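Got a structure for you, written out below as structure tokens; questions coming shortly.
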Amino acid sequence: MAEAAMKISNEVAVQITGMNKWYGTFHVLRDIDLTVQRGERIVICGPSGSGKSTLIRCINRLEEHQAGKIVVDGTELTNDLKNIDKVRSEVGMVFQHFNLFPHLTILENCTLAPIWVRKVPKKEAEETAMHFLRKVKIPEQAHKYPGQLSGGQQQRVAIARSLCMKPRIMLFDEPTSALDPEMIKEVLDTMIELAQEGMTMLCVTHEMGFAQAVANRVIFMDKGQIVEQNEPKEFFNNPQSERTKLFLSQILGH
Amino acid sequence: MAEAAMKISNEVAVQITGMNKWYGTFHVLRDIDLTVQRGERIVICGPSGSGKSTLIRCINRLEEHQAGKIVVDGTELTNDLKNIDKVRSEVGMVFQHFNLFPHLTILENCTLAPIWVRKVPKKEAEETAMHFLRKVKIPEQAHKYPGQLSGGQQQRVAIARSLCMKPRIMLFDEPTSALDPEMIKEVLDTMIELAQEGMTMLCVTHEMGFAQAVANRVIFMDKGQIVEQNEPKEFFNNPQSERTKLFLSQILGH
Amino acid sequence: MTAYVRKQMLEPSPPPASQQGVIGWMRENLFSGWVNSILTLAAIYVLYEFLSLGLPWLWHGVWVADSHLQCLEIIAERFGPDASGACWAVIRERWGQYLFGFYPTEEWWRPILCFGLMLVALVAPLFADDSKNAQWIIAPTSALTLVLLGGAGAPLLVMGIAVAVFVLAAWASDRPVKLLVLTGVYPFVAVWLLWGGPLSGPVLAVGGFVILWAVVKLFSGRLGVPLSAGIGIVAAFLWWTVIEPRLTASLPHDLLALAPVESENFGGFLLAFIIGVSSIGMALPLGILLALGRRSDLFIVNKLSVGFIEFVRGVPLITMLFTASLLLQYFLPPQVQFETILRVIILVTFFSAAYIAEVIRGGLAGLPKGQQEAADALGLDYWQAQRLIILPQALKISIPGIVNVFIGLFKDTTLVSFVSLMDPLRGVTAIVRADIDWKAAYWEPYLFVAAIFFVACFGMSRYALYLEARLKTDHR
Amino acid sequence: MAYATEPPKQGFRLSQLIYDTRYRGITIQVVALVLVLLALSWLVGNLMANLEAKGKDIDFSFLWSRAGYDIGQALIPYTNDDNHFRAAMVGLVNTFVVAIIAAFFATVLGVLIGVLRLSKNWLVSRLMGLYVELFRNIPLVLWIILAYVIFSEASPEPKDFKVVDGVAKEEMFLGIAAVTNRYTTMPAPVLDRPLPEIAGLPTSGLAVILVLMASFWVLSLIRRRATRVQEATGVRPGTFWPGLAVVVLPVVALLVAMGFHLDYPTFKGFNFKGGLQLAHAFTAMVVSLSLYYAAVTAEVVRGGIQAISRGQSEAAFALGLRPGRTMSLVILPQALRVIIPPQISNYLSLVKDTSLGIAVSYLDLRGTLGGITMNQTGRELECMLLMMGIYLSISLILSGLLNFYNASVKLKER
Amino acid sequence: GTLDDIKARGEVNCGSNTGLTGFGAPDDKGEWHGFDVDLCKAVAAAVFGDQTKVKFVPLTGETRFTALASGEVDLLVRNSTWTYSRDTDLKFDFVAVNYYDGQGFMVKKDLGVSSAKELDGATVCIQTGTTTELNLADFFKANNITYTPVNVADDGEALRQFTAGACDAYTTDASGLASTRATLPDPDNYIILPEIISKEPLGPVVRHGDNAWGDVVRWTYFALLTAEEKGITKANIEEVATSTQDPEIKRLLGLEGDMGKMLGLDAGFAKAAIAANGNYGEIFEANIGMSTPIKLARGLNALWTQGGLQYAPPFR
């Protein structure tokens, strides 16, 4: 893969400072500071329950943070609904369990948000949708329903659906962990392609191959904190913290 | 593996002539002719939907054929229930999804049919069952329930369950395709052992290693017809029909 | 881009003050946002209104009085002339009728023992593989039953037998399946206990079933189950109609006899339970057959089952009850006469069979097709496969549904008052109010009955939920 | 024997009836059919013999003889000179009126309660849970009786509303409605210039319904146009106000043309005059059925919403859809598939449960045809048959609807 | 016939009121008492010589005739009015009239009404499935005034409605009104209007066509009447039996002739019936007479010798 193709600008895409979050009295995220440049591809890993999902869900306000500041693309996330709408239409998200809408066809899944949120004419929305479906290599499934597709295909539809909103940032929450091994590859291929086109990405994943191939930075979280972050090569070959070492030995030993 | 150990007698175990079957108006099996000698081990392969499962399900009358003749062990399969009962108690079958009875222990799974169909005393049935469970290497699980076993173990129980009926012919319908890779081997080993003891076997599978190791004959089906059959070596190295070549290139290329 | 390594792990800190303690809890759960705040205030207002209406009335309740008028006098005297209050004295005076109808007071121990035994008999099918909960049911049930038996003045011999049975049950509860014998004989024991008469009655009745079983066992190999069952039923019928009456006549009448109790003395919750439990019990086999019939691909069998189920489900229970009490006699030979309660049980059995059939059909549909195929491949015939493989699993899945059918049915037993049986809601209440002393007691009986229904039904529905949850996690 | 060159052809043997898969099914079915027919003929034979012995016959002509009794609540014209058939129809209409009104309130309340039960507000969700459990676990008849008793025991007498020296003992609700211990009174819709009746049909009401149906048709046209505009330009023109106008204005115009106004009940002499006076039997039935089925509906609604996993709304939010749109485009279409089938069954039970009006002598179908008529004419068999037939038809129609709906919304799967 | 069935069964099935104080209601032990109930007991005594061999089936106005027609009960003693159509169309036999009644109205005193004709526009509580329902419709029609019916299932419910004020007037048989009024805590606040709008001959009912059984009931009843006429009471019956010289009494008590046999009963059937709860007058007084809370006068139900209508044909 051509590393050169992926360029990082100096613009800031996401800026998180001193962010804290509690569930009840449980302190899930502690003093998170994170700056993501436009075009950066960040992989987040860490043991289960360390707050990875919560962190990226805070970025498009699926969860509310209680202290600190999150600025996405220049818009600060507060209780202001307008800001939240703005951020959400700039940020795409792909879930572990795809969460496609089972009562709509693939095409309708992809055009729903553009039509109702972006107010794009239907025809145009459908063209865009077909474009992205072609990109994820399943244009011929456009008129089927999600239930008729395999898991890998569904996840690719989920990616296409996000892309149809033309987001500037994409969030992935363990996009491949609910898939059978043979399907993981098709989804990762799609994500790699996306990365090569310069999309800003935050990706929670344990696919270390993927991290090494495309990430600019790997972030290791534990107990709600960012414990270590580094370039993938350094991170994998020369982890600094004890915890990181332990974690890596576990997942790579697998 | 000692090829010499597997001897084929001249007795006919299964004789299928001019057999046809339709689902509604859909012609699934077309003019099937097949003779299986006692002691033969036959592997059936072919693309999905080609009628492999239907063929072997016809042999113990899980499906009814509409034309032609099927004679199993000298008994013709007609509408006569007595014949059907006879054939079924001579023919064991192992399914893709094991189909163990979840409300019975492993031992009960294995003794159920001998007790109720063969009218064997319980004690004797249990001894036989333990014998075969030892053979498939899980005697220690006898008092557990199927849900407590791994997939590979379950499939081995399914094989033992069939064996307890002392069948003269065994049918396998993709016995390993629902298993994780690491478990496939344990099941295949059991099957190979069975083959070495001279059991007549018809096996639908795409495990080509297995076919090469134990089969006397490989049958390739497509569109409800037997397209090609040959010894494994010949079949794999020197396929005759175009379709076979295409198919082999696909599954071996995988 | 900078590499970063955290030097010092942060300890969790408490959330901001606004999220903590009672205040935080209230902010979170009661006053998050103005919609919620309004809802909370509205809810508090509604609660206040209800409590201010009901509480004083309950608080002013009078438990001891000879008549409703006296109640009113006592309340006026204690709480002032304008105070209103409940007159629970009517319940205190008449609770026996609400529970047992006119069942003779000195024989109350019989229904009590019956009920205790029922719970123990149910343990085997309901907790077949859950010995811990089985013990949990058996222990308090036994204790409570024994206490109640003592309270009702049961004879010492009976107490002894009860103790023996419960000890036996407790001993067997490590593997509740062992208690299935008890489940099997329970119906006959219950009939004997409730209606009385010589012990030979139920024993001889069992004989019919034994004959049926023996015939099926003997002939099913050659003739298939349906045919041999038919022969067995005919044989059993002969036994019941021809042989049993003669035997009964020739046996001494007072052999281990309990004082007979007439059906019309049954009333109150005793009646509700008898109708509910026996209908469900008898509906179960019928429901299974109907469910199998509905799934069958034999055209006529299928249509007959569907027709029956849809007919029963399409007609209100009350019309069925009217039919039972008013019209059934038209369809029977004139010399055949049996009691209303029995007829109601039969019709309610049909009624619940249709609903149970639907529940079981759901259970059957929930089974993978492979189970039937595996049974076929092993050479089991249709009835063996159903009995050994399919039904045990389908029934297990269906138990919560069946419990829910039972709850519905139990509530519906109140309708039998419209065919002149003494149900707890209207039947007993009408009798109580026919007494001049209690003519004006409107609310108390209803509330009392409502409370009992609530406790019973709520308990059972929780039990159904618990089962459902357990089935869900029961991957094993 | 010398000619036996080919195996003897197997003829039909009796044992094939049991052992041959082709015939065995037929055997079983024939046996079952014969048994059922035998049982039926036994029953019918008994019936005939019994009727004979009692000198009765089966004859439906009593339906055309004079009923002779009055029905308090008759929504179609009826006097005691009309025949039993008409009385039965009055009862049937009463059944439907209670069922429809109760179904309406049960649905509205049930949805509300079901949604509130999922509320994040602790107190509210607990209260709703209490409500649901309370109603579900106590027999419906008891609720009916309780409602009835509350209305007649715990409400003031009409004369308490009499204004004496400028003050009344009891105030009317908003000055237009009141619950008294005799009846519930509320404003009555009155038409000054109703359309002439044709063949006893309430044409004015039918006209209103027709106009409403036409309005809704126009509304759907407006919506379709809005969708077309949206598809073309991306912006959906507002449909709420035009829609409201289209639905409301024609009906209002028609009502005004027919001289519609409300007749308010007022207290005159010893009683309320004017307005609608609803009998307690009716109100008790409506109230208790509504409340009871609201609880049942609430459970269905809650189940339906909970069945749609949280992931669906999160995905919609992540795509930038607002909560309102998420509800209407993503959650509801899916939840309805889960909710509607059991809800149709609930409606079915509700219709059947109107027969519990017997507890308060509400004269529904069971009260007229299966009650007074049956009793006065002694035609219990005929009346029962008719009644069962009618209930059965209603239920078959409803379950037909259910099947149709199920087939039309089935999710496509692999 | 029915009589044989009853003998085979060992008890008489009697359809009774679900609970009308004085006429038929169970007490807190489940024992049935009342004017109608005692007639049934007398019949049981006549058939079996034992007045306890009777089973009471409580029936509402709506279910009573169906129950009788279908054979559910052998005898209906539940203040049922003898009418033409019930006798012919419903195929029943009214074997006698044990109570001459008429339909009346009860209102609250403060309604200020003194005649039923002033009830224009009133709400009237009425039990469904009764002749009163039909009479009411006829009465208001004849007087060209209107009313709103409030249907109730039984007497208890009617009373509750009426006292709660849910209806202006309660209409039923005058005897029922009296019995109901008597049980109210404040009977003086209620008045029974003078109009009797119908004739209500109440009596025991059996199915058409089984005259043997009808005769049993009829003559049991007449035996009670005759006993009153002849001064035979529960207390003195034994003494009368030993001392009497009156041939009719002798026939009645089975001391002479075989009257019982003609009915298919024992010779002493009438004696047993009378001994059960006394003669007609005793039963009347014990259940609904002036000494009870119900306080009904004999009125029309006095013996013919005392200016009433109760008249028994001779035992001969």
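Each chain carries a letter (A, B, C, D and E) given by its place in the written order, and its residues are counted from 1.
Keep in mind that, in the parts below, a contact is a pair of C-beta atoms (placed from the backbone, for glycine too) under 8 Å apart; a residue touches a chain by one contact, two chains touch by 3 or more.
By chain, with names taken from UniProt: A, B = ATP-binding cassette domain-containing protein; C, D = ABC transporter permease subunit.
On a predicted model such as this, the values are computed, not experimentally measured, just so you know.
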Note = In contact with chain B and chain E alike are the chains C, D
Inquiry  = Ranking chain pairs by how many C-beta pairs touch, which one is first?
reply    = C-D
Ask   = Where the centre means the average of the CA atoms, what chain is farthest from chain B?
value = E
Chain ID, smallest distance between chain and overall C-alpha centroids = C
Inquiry  = Could you work out how far the Cα centre of chain A sits from that of chain B, in whole Å?
reply    = 46
Message = With centres defined as the mean C-alpha position, give me the chain B-chain D separation in Å.
response = 56
Request  = Return the distance between the CA-based centres of chain D and chain E, expressed in whole Å.
outcome  = 42
Query = So how far apart, in whole Å, are chain A and chain C when each is placed at the average of its C-alpha atoms?
reply = 54
Key: Residues of chain C whose C-beta touches two or more other chains   = 322, 326-327, 329-330, 334, 442
Junction residues of chain D, two or more chains touched = 18, 24, 50, 53, 149, 153, 358-359, 380
Task = Return the residues of chain E touching two or more other chains; collapse runs of consecutive numbers into ranges.
result = 63, 66, 70-71, 160
Task = Report the complete set of touching chain pairs.
result = A-C, A-D, B-C, B-D, C-D, C-E, D-E
Complex contacts: residues of chain C adjacent to chain E = 69, 94, 97, 101-102, 262, 264-265, 322, 325-330, 334-335, 337, 340, 419-420, 430-436, 439-440, 442
Ask   = Mind pulling up the chain C residues that touch chain B in the complex?
value = 368, 370-371, 373-374, 376-381, 384, 388-389, 392-393, 396, 475-476
Inquiry  = If we count contacts the way the header does, which residues on chain D are in touch with chain C in the complex?
reply    = 18, 24-25, 28-33, 35-36, 43, 46-47, 49-51, 53, 116, 119-124, 127, 133-134, 136-142, 145-146, 149, 153, 348, 352-353, 355-356, 358-359, 366, 370, 380-381, 384, 387-388, 391-392, 394-396, 399
Message = Quick check on the complex: what are the chain D residues that touch chain B?
response = 16, 18-24
Ask   = Okay, in this complex, where on chain C does chain D touch?
value = 29-30, 32, 36, 39-40, 43-44, 46-47, 223-224, 226-227, 230, 298-301, 304, 310-311, 313-319, 322-323, 326-327, 329-334, 407, 411-412, 414-415, 418, 425-426, 442-443, 446, 449-450, 453-454, 457-458, 461
